[in-house]
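The chains carry the letters A, B, C and D, assigned in the order they are written, with residues numbered from 1 in each.
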Amino acid sequence: MSSASPAFAGIVPPVATPLLPDHTVDHASLTRLVEYLVDAGVAGLFALGSTGETAYFTDDQRVAILETIATANAGRVPIIAGAIELTAPRIIETARRLVDAGADAIVTTAPLYTLNSQAEIADHFRTIAAAIDAPLWAYDVPVRVHKKLGLELLIQLGTEGVIAGVKDSSGDDVGFRRLIAANEAAGRPLQLLTGHEMVVDAMLLAGADGVVPGAANVEAEGYVRLFDAARRGDWDTARSEQERINRMFDIVFQPTGLSGDATGVGAFKAAMKARGLIEHATMAHTVTPLDADAVDKVSGVLAGVELLPAATR
Amino acid sequence: MSSASPAFAGIVPPVATPLLPDHTVDHASLTRLVEYLVDAGVAGLFALGSTGETAYFTDDQRVAILETIATANAGRVPIIAGAIELTAPRIIETARRLVDAGADAIVTTAPLYTLNSQAEIADHFRTIAAAIDAPLWAYDVPVRVHKKLGLELLIQLGTEGVIAGVKDSSGDDVGFRRLIAANEAAGRPLQLLTGHEMVVDAMLLAGADGVVPGAANVEAEGYVRLFDAARRGDWDTARSEQERINRMFDIVFQPTGLSGDATGVGAFKAAMKARGLIEHATMAHTVTPLDADAVDKVSGVLAGVELLPAATR
Amino acid sequence: MSSASPAFAGIVPPVATPLLPDHTVDHASLTRLVEYLVDAGVAGLFALGSTGETAYFTDDQRVAILETIATANAGRVPIIAGAIELTAPRIIETARRLVDAGADAIVTTAPLYTLNSQAEIADHFRTIAAAIDAPLWAYDVPVRVHKKLGLELLIQLGTEGVIAGVKDSSGDDVGFRRLIAANEAAGRPLQLLTGHEMVVDAMLLAGADGVVPGAANVEAEGYVRLFDAARRGDWDTARSEQERINRMFDIVFQPTGLSGDATGVGAFKAAMKARGLIEHATMAHTVTPLDADAVDKVSGVLAGVELLPAATR
Amino acid sequence: MSSASPAFAGIVPPVATPLLPDHTVDHASLTRLVEYLVDAGVAGLFALGSTGETAYFTDDQRVAILETIATANAGRVPIIAGAIELTAPRIIETARRLVDAGADAIVTTAPLYTLNSQAEIADHFRTIAAAIDAPLWAYDVPVRVHKKLGLELLIQLGTEGVIAGVKDSSGDDVGFRRLIAANEAAGRPLQLLTGHEMVVDAMLLAGADGVVPGAANVEAEGYVRLFDAARRGDWDTARSEQERINRMFDIVFQPTGLSGDATGVGAFKAAMKARGLIEHATMAHTVTPLDADAVDKVSGVLAGVELLPAATR
C-alpha cells in the first residue's frame, strides 16, 4: 500500500556503494559518504540505484548496504531505495526486506527480461504497491530497462495512488516536460525527479521537483547551490553553477573503450577517491577497473575545477 | 565448475509452466506435460526458460517447478534449467538451488539491467561456472537481454571449458551459421541448440546439434520426426514436417494487440488446453489473458492441422 | 566553400509546404505563410526541412518552393534550405540548384541508406562544403537518419570552417548541452539551433542561439515573445510563454493510429487551415490525411488556447 | 505498370561497381566483371544495389553504369536495377531513366528519411508501379532503411500485381520462412530472393527462388554449383559448397575498425582485385579504403580456399 510519500524535493543523490579491494562493501567509507552528503544539504538519499551498482549485489548485500546508509543518516533525510528485480513477485520479496531495513520509500522499474504491454506494466506496479508497506516510485530508465514508461501510464498510476513519484532517467526532455504539464493538470499526484544531471537548471526551469545526480557523490555542494538558486528564481546563478558542475562532470568522458557501467561509476569512484571521500575506487565484480591513465585524467579534470584537496593537487 | 555436460542432441523443449486459475503452479498438469514430452521422444528438457515464464516466479516457485519436472522425468532425459537473474552473484544463488533440485545443467544469459562490455560478460560467465556444480550453458536472446553474445566470446568460453553449449534465440541465422563453423574449427567445444522453431530443418542442415521449440509443448511428435529425418539425411521429409508444424505454429499469430509474452505463451497454453495436455491456460500474473475470440482462432488453427482430439473438434 | 554564414539567432521556423488537393504546391498559400512568419518577427526561414515535407518532392518541386519563399521574403530575413539526399554527390546537385534559387545557406544530414563511420561522415560534409557556394549547416535528426552526429565531429567541422552551424533535433538534451559547452570552449565556431520546440525556454537557458519550431507555422508570435523574454533574462515570462505554447502543441497528440509524418505535419496543417493561414490541409502524396475527428480535436485544442479566429470558434 | 516479370530464379549477383583511382566508374573492369558473371552461369544481374554502392552515385552515373552492364550482358540474362531514392516521385524519376537504359525490372525500398505507416508504404509501391514501364520488386533491407516490410504488405502488393518479387536482406530467417509459406498459400504471386549469402543452402531448402550474393562478385561458380545441387535435391553437396563459400566469405571479417560499407564492399573489391577480376579496389568517395594489412588478410583467406591465381599466390 502506498501511504503519503515523504517529500524528495531538492537534491537526492543516488548513493554510490564504496567497495573494498575484495569487492565486499566498505561500510566505513559508505558511512563517511552518507555523512558528507547529508552535511552538504541534500534533501534525501536514493539508495541502491544504478550509481549504487545495485544490480551486482545479492539481496543480503543490499540489506547490509541500506542498513549502513540508514544508520549513518539517522533519520535526518528520507531514504528511497531501489528494488531492482525481474518482476513483481521477486521485487516484492526484495522491497519488503529493504523497507524492514529502513527505506522510507521504494523505487522500481518496469519488468526486466519480459515482453509486456503498458497495461501489464500498470498491473505490475499495482501489484507491488499493494504488497509493500511504503510509498512506491517508478523509475524510468530505458537505457537499462529497454522500455519507456508512458505518460498516460504514469499519470494513471499517480491518480490511483499507486505511485508517489517518478525518477526520470529517460533522456527524453520533451517527454519529461509533457509529464510535468500532465501532472500539473491532474492536480500534482506525482513528485517528479530528473536524473539528467548536466541540465538540472533547465529541468528545474521546466518544473522538476528534484534531482538525482550521480555526480553529487563527487561534489554535492554545487548541486545544492544550484537548486537553491533555482528555487529563488535566480536562473543566471543556477546556470553558472550548472556550467561549473558540467566542467567537473567531464570526468565521465575520460575513460575510453570501457563499458557504460565501468565508465560512469568508474569515473565517479575514481574522483571520490581522489577527493578523499572513499578509500578505494573498486567497482562491483566483473566490471573492468579504470586504468592509471584514466584515473590521472579524472584527477586532472578535478584539479581544473579546483576540487582536489591541497595535498593531492 | 563445469564438468562434462550431458548431451542435449535432439529436441529439448522449453517446458511450459501450467498454472491454476489463482496463478499458482499446477503441478498435476506439469507432471502430465513432462510425461507427454518424454514419451514423445524428446532428448532433454529445458526447464524454467522464457516459455516457462520463469521471470515471473520467485526462486521458491522455481525450485518447486523444477522438482516436479525432475520427479516426473525420473532421470529418463537430462534436464537443463534456466537461472535467469540480473548478475553473477544473484544467478549463482538461484543456480545452486536449481542444481540441488535436480538440474543436470544450468543455462543463463548475459547480465540484465547493467551496461557491460564483452570482456565483462566473459567474466560474468567465468564467475558463475566456477561457483556452481553443473555444466553451464549460455543463452543468447537479445530480444529480452538487449545484448548479443559475440562469436569470439562464445568460442573463447567454450575453449576454456567455461560453457558447454549455447542456446541461440538471437534471430540471426547468419551469426548462428558462423558460430557453427567456428565451433567446428575449434574442435567442437560447444553443443549448439537453436530456438528458431520455424526453420529447424534449415538450422539442422546448417549444423545445429539440437532444437528448443516452444511449440513442442503443443505437439512434440512432429519435431521428433523432423529431427530424425534430418539425422538420416532425408531433407525432403524434414522440410515437409517443418511446413506442417509451421501451419500449426500459426497459433501464435492469432492473438492481436497483446504483449509479446501474452501472445506467444498465451497461444501455446490455449492450444495445450485445447488438446487436453493441461487443465488451464492461465498465464503468469500481470500477463493479459487471451480473449475468447483468440482462443477460438487458436483452436481453429489446430483443427486445420488435425491436432484436436475428436471430442473437441 | 563555406563563407561567413548569416546569423540565424532567434526563431527560424521550418516553413511548411501548403499543397493543393491534387498534391501540387499551393504557391499562393505558401506566399501568405511566408508573409505571416516574417511579419511575426522571425529571424530566418528554414525552407525544405522535415516539416516542409521536403523528402516527398522532386528537385524541380523543391526549387519552385524555394523560389516562392524567396520571392515572398524579399530579402528581409536569411533563408537556410534543406538539401536532403542520399550522399555527397547527390546532395551537391540539389544544393547548387537551391543556392541558385535563393538559399543563403544549405543544411543537410549525414548520408542516408549507407553505413558510414564518423570519419566518413566528416568527409561527406567536407566534400559538400567544398562544392557549394553557400555556408553549410549540419542537421542532426537521428529519428530520420538513424545516425547521431558526434560531438567531436561537429566541433572539428566547425573549427575547420566546414560547417557554420548545427540544427539539433536529436532529442538528446544532455548531448546538446555538451555541444554548447564544447562550442564555447572552441571559440564559438558554430551557431546552434534546437528543434526541441516544447523546451525552448530550457534550451535557451542552456545556451542555444536559436530555435526551429515546426509549431511556429501555426502561431509564430508566441515563440518570438518567448525568445525575446529569454534574451532579456526574464525566465519566468519565457517559461509561461512556453507552457502556453505547449498547450497549443497538444494538437500533435490528437491524431491516433497514423504514421509520424501524418501525425506531426498533419496536425500542423490542420491547425494552419483552421486558423486561416493556408487554404488546404493536404499532405504530400502517400501520407494518410487526418480524419474528421482528429481535425475537430485539433480545432478544439486551438480554441482552448484562444487561437481560432472569431468566425470559426 | 507491372507487366510479367522475367524470372530471377537462380543466382542473381548484385554487380559491384569497379572504380578508377579518381572514383569515376571503371567501365572496362565493369564490362569484364559482367562477362565473368554471365559466363559463370548466373540467372540474372542485380545492378545498382547496395553492393554496387549505388547510393554514392548521381543518376547520370547510375545510367552510365547500367548501360555498361546492359551492353556487356547483351540480353543473355535479365537485369534488375535498384532505384534507390527517398520517396515515390524521386524514385520514379530515377527508375524511368534506368528502364530506358536497359533495366528489365526495377527494385526499390520503402521510403527513406520519412516516417511512414505500412499503409503509406503500400501506396508508395503502388504509386511507383503505376508510373514505370517495368515490373517492380520490393527490397527489404532494414539495416539501411530502418523499416521492415511486413508480411501482409508484401502478399497484398503481390496479389494486386503491384510487385513481382521481393529481395529479402532483412536478416530475419523466420520472417522469410513465413513469407514463403504465405506466398505459396496465395498462389505464388511473388518471386522470393534471399540476400543471406552465408545460409543459401538453408534458404533454398526453405523455399527461396533465388539468391543475391555479394560474394558472387568474388567467385560466382560456387554459388551456381550450390544452387544446382539444391535444385536436384542434393543437400549434402549444397551444404558442402556453402561451407566452402563461407570460408571464402571470411574475407569480410578481416578489416577491423571500419564502417559497414568500407568493410563489406571493401573486402569484396580487394578480393576481386586480388583475383584479377577488376583493376582497382577503389571504393566510392568518402568511404575509407582498406589498409595494406587488411588487404593482405583478404588475400590470405582467398589463398586458403585456393581462389588466387597461381601468379599471385
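To be clear about the criterion, a residue touches a chain if its C-beta (ideal position, glycine included) is under 8 Å from a C-beta of that chain, and two chains touch if they have at least 3 such contacts.
Owing to the predicted nature of the structure, the values given are computational and were not obtained by experimental measurement.
Shared contact partners of chain B and chain C are A, D. The chain with its C-alpha centre at the largest distance from the centre of chain A is D.
The distance from the centre of chain A to the centre of chain B, each centre being the mean of the chain's C-alpha atoms, comes to 36 Å. Centre-to-centre, using mean CA coordinates, chain A is 49 Å away from chain D. For chain C, the set of residues that touch two or more other chains is empty. Under the contact rule defined at the top, the touching pairs of chains are A-B, A-C, B-D, C-D.
In the complex of the two chains, the chain C residues touching chain A come out as 171-174, 177-178, 181, 196, 198-199, 201-203, 205-206, 233, 235-236, 239, 243, 246-247.
Those residues of chain D that touch chain C in the complex are listed here as 50, 55-59, 61, 84-90, 93, 109, 111-117, 119-120, 123-124, 127, 143-146, 258-262, 284-288.
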